[in-house]
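One structure coming up, written as structure tokens, with questions to follow.
Note that the chains take the letters A, B, C and D in the order they are written out, and that residue 1 is the start of every chain.
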Amino acid sequence: MSTSQPEDDRHRPLRYAYLGPAGTFTEAALRQVASPDEAVYLPQVDVASAIDAVREGVADHAVVAIESTVEGGVTATLDSLAAGTPLVLLREVLVPVQFTLAAAPGVALGDVRRISAHPHAWVQCRRWLAHHLPGVVHVPATSNTAPAALLAEAAAQGATADLGFDAALVPPPAVDTYGLTPLAHEVADNVSAVTRFVVVGHPGQIPPPTGADKTTLVVHLPDNEAGALLAMLEQFATRGVNLSRIESRPIGDALGRYSFSIDAEGHVTDERVGEALMGLHRRCPYVRFLGSYPRADAVRPTVHVGTSDTDFVAARAWLDEVRTGRTS
Amino acid sequence: MSTSQPEDDRHRPLRYAYLGPAGTFTEAALRQVASPDEAVYLPQVDVASAIDAVREGVADHAVVAIESTVEGGVTATLDSLAAGTPLVLLREVLVPVQFTLAAAPGVALGDVRRISAHPHAWVQCRRWLAHHLPGVVHVPATSNTAPAALLAEAAAQGATADLGFDAALVPPPAVDTYGLTPLAHEVADNVSAVTRFVVVGHPGQIPPPTGADKTTLVVHLPDNEAGALLAMLEQFATRGVNLSRIESRPIGDALGRYSFSIDAEGHVTDERVGEALMGLHRRCPYVRFLGSYPRADAVRPTVHVGTSDTDFVAARAWLDEVRTGRTS
Amino acid sequence: MSTSQPEDDRHRPLRYAYLGPAGTFTEAALRQVASPDEAVYLPQVDVASAIDAVREGVADHAVVAIESTVEGGVTATLDSLAAGTPLVLLREVLVPVQFTLAAAPGVALGDVRRISAHPHAWVQCRRWLAHHLPGVVHVPATSNTAPAALLAEAAAQGATADLGFDAALVPPPAVDTYGLTPLAHEVADNVSAVTRFVVVGHPGQIPPPTGADKTTLVVHLPDNEAGALLAMLEQFATRGVNLSRIESRPIGDALGRYSFSIDAEGHVTDERVGEALMGLHRRCPYVRFLGSYPRADAVRPTVHVGTSDTDFVAARAWLDEVRTGRTS
Amino acid sequence: MSTSQPEDDRHRPLRYAYLGPAGTFTEAALRQVASPDEAVYLPQVDVASAIDAVREGVADHAVVAIESTVEGGVTATLDSLAAGTPLVLLREVLVPVQFTLAAAPGVALGDVRRISAHPHAWVQCRRWLAHHLPGVVHVPATSNTAPAALLAEAAAQGATADLGFDAALVPPPAVDTYGLTPLAHEVADNVSAVTRFVVVGHPGQIPPPTGADKTTLVVHLPDNEAGALLAMLEQFATRGVNLSRIESRPIGDALGRYSFSIDAEGHVTDERVGEALMGLHRRCPYVRFLGSYPRADAVRPTVHVGTSDTDFVAARAWLDEVRTGRTS
């Protein structure tokens, strides 16, 4: 993680707020960012609390989910970032949406009749289960880690009482955290399903461009006409900036007013991205910059003819000559 | 309600599936559509069940929330309509998001210290409560009608036991349904907050144009370029069709693929709307028509120069003459 | 030439008006259309007269230049077609802008010191002449064929008097017409320079589509804003119709009002072209169809995804189903 | 005339090349720029020579016609400016296209049977003549001033010989220049017809912005697709710059390649105009700046929301803050 920390805290390990408890998918994302050995993990009860922990100085960074292939944009994250003290995204991390089927020690796959799982998890594994464990019954859980905690607690007490289920679908990190026995790995119907997590920090910490970057924005439109959305998109198209994500959310004060959450290809220090942002600032009632950071997939943007930094610099030099009458 | 029912069921009252139980905001919407005296109310456990009740023939129509000023598009409704057996929207109904503060008989406003409310309801009334009942405590409820049911049950049993709360924030219809005593009406922080509900039915029942109509669509883009969204919006703009709502949702198979939920001004039988729909059908991989129906606000669309039905008919007549060499 | 003639004149040879006299480039174009053996050649004093000859029934067709690589659109032709009794273009013919250096019998290339040529011809051959006949002198002529006629006249009279020039740059057909001796063929500085000629006729004679066609239009814009031109171009772009030529001409009543002369790829019977034309008819104050005819270069248009006739037919069928409630 | 001249020539009167001879409409334009008392008038045989006189240092400025309501862009002027040593337009002047009917002393309007006039002049006065002098005969002249010169010459010689005409349609300044007797003023069919003239000079002399300025450009498109023209126009539209004139001319090397001559509202020192020009420079293969100068009609541009210089400066300040992490 290339982001810096305050001068005087140089030797203090970085503190990461995240959606806890231990064992969640968010923790899996956090582990890609900083190992528990070198950082302080601060589990929070919800996304807004994790983000606010950064605003309040309790944490240096927050790691939160921002988009999933199944659910789309994570409303709580988008809304927390769109208002309040400005924060920026410093990095993105992709985590596959794959579960581990786990149980107490001694239980074999063939013994499993009842599986505890959060309803979302169950839905995402239904076809896998129908194929590998036909006839198995769903026992709803209140979170992805709740059944893991129950299994761990029971084991700790040496309890033999029936928990009402034989195994559970849990995020992979929960297996170690709760001392469970894995029965099957990478359980998922859609093997390409992923959740995108982001590392949130203060604006002073924009990571330098890598050549394969992404810039995230929140933009409100001047009115609710199709023309306003077209005009906003033209601000990007005219400078050759592609968008990799665009989502609308109601602004909340009246039906028909929308806020757009946008990922643009490129870094805020790219000339074409900078000019597009200035265009938005001029024409839209509200623009918030939410960071420029390396793309997790490391895909470099297609740079269209006439939109490289060199082209912008040459155009400005030419304009200067034209304005001073040195050429036409 | 102008929609028809099958010939042989002419004298049977229409059956409406909706998100129950009795007393919800959805019921308030349903009451605007058909009174309980002339229709059969079929409360369902969730939105998907209400919509499926129509697909399965158990209900003639479903009444479901589709958009709120606070939350935006209702995911469950949009997703249920976007796939599966085609259904269409027949009518929209706006319901203000305002609560009634209600209690058991004999409780006065001054006695209220603890209020049971669904967390969403609490959030939407926080400023009102801080002003009118400073220091009051929130007791979370699992739904908007749950505390009403508890109050009714206790009253029925003549119970004097403490329910853990003194009053509840409930949807206005719950007051009568559960025999409660209203302490305050129209409790809300944002008096213009509304939820938009729709009446869902079978495709054969498109309501005739009124001159102030709306057409709802689901459209997938050919790829994830800004250019594709621009091109899709141009299909509307070229024919002078304004959009009153556009929301994106992930398609769910990979990050970066989106489905757009769109409300266009006008009726599918309008020439300009028809040509725009044909344009979408030609260029987009997936288009689903979700109905044309009167706007609740009765606002007529701005018809731009050259985009009235008369203009389209004249243009076609001219083209016919040109093609047959009768003019140029 | 595939165009038809009136029923009762079936056995009469077609009459072609063209810019005369004999021996011009226009005659070279006409020869590609119909040989003098099978058609009546009616030379005219100018382009407007040739076009009016068709309007007045004196000729069946006119052959006139419409565009050159050097001069651009031929104003006289464009203006004559843009107003007055409607006529259409039936065919286009390309003629290379190459001259023959010709003289009276007995003159050799080495004898040539003074060359008669129309100033336009001289300009287009200057580099060739500087290379092959350095030091040669230009004797201006009033037309391309005038020096040829002088040479022929002198020869007919057996005159030996000095005409003031030794040779002339003439259009290739003038060599035979005036009985000259060619000294050099294909004289031209820019070997790819061509003039585009068109065959003009009555609207009832639109040639059938060949798959590599062109449609010519005259369009006035609603006002002089950049937005109006953008909106006009969008009428083509939305339907996937490319333009191969666009030229503006003042309308003539005030500065800043323009008429656009346009060549669109495709035939008026193509669905995408027809819908674009209807769009222009609806939004622009004036549209004149000037014909659909085979491209001289036989290049077939790029048909973008979703813009083939099949796509249009399928879209209309789908819309019909949607409107009648048979699907959504 | 606010343009400057070289330091060392400060006291030398400015020299103006223009399309002569004396008495032309161009001279009428030149008189609006500088009186013959304070400037040197250098009549030239054609427009190209007038422009080249500036390039060669023979003249300080050239005054040439650039556009007429009747003929459109003046090809010779546009082509001379589009290539060769860069020059810029410093000022524009409008001259009404109105003629004076003039004769030798002693001739009365009632005596006029035959009128000498350049064919263009005749065409532009036909209806006036039909109304005021029915039955009058046209005697073609080779230029607007030629018949004036003939009348003056005859008068100087005391000649009584018939010139073949009784009166002539001449530009107003020719009456004094040639000592003629005016019979009718402001002869014209279209009283709003004007010709636009420009003062041409060296690039170092750009006039300062007045708030009602025009910027003239020559732009080549990257290819001949409709898309390329649309993309070029978007460079202006995205920055809120309106176009008051756009004309296409063939580039001359092949059919289908065009150069666009454009007048944009605003001055090159305006932020929005500068950014649009940089956009053209980046995306188009060729852009030539032909000057920013006050509009003759003094009409100020419509400045769209978010496109004033203040908006641009604020947007750049915001971008700087975003890039340095001082805000988002």
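Methods note: a residue touches a chain if its C-beta (ideal position, glycine included) is under 8 Å from a C-beta of that chain, and two chains touch if they have at least 3 such contacts.
Predicted model, so just to flag it, every value in this text is computed and none were measured.
Counted as hops between touching chains, the shortest connection from chain A to chain C is 2. Chains that touch both chain A and chain D: there are none.
Mean C-alpha positions place chain A and chain B at a centre distance of 30 Å. Rounded to whole angstrom units, the spacing between the C-alpha centres of chain B and chain D is 61. Listed for chain B are residues 234, 237, each touching two or more other chains.
Note for the complex: chain A touches chain D at residues 86-88, 202-206, 222, 231, 234-235, 237-239, 268-269, 274-275, 277-279, 281-283, 288-291, 305-307, 311-312, 314-316, 318-319, 322-323, 325-328. Residues of chain B touching chain A in their complex: 67-73, 75, 190, 192, 194, 196, 224-227, 229-230, 233-234, 236-237, 241-250, 252-256, 258.
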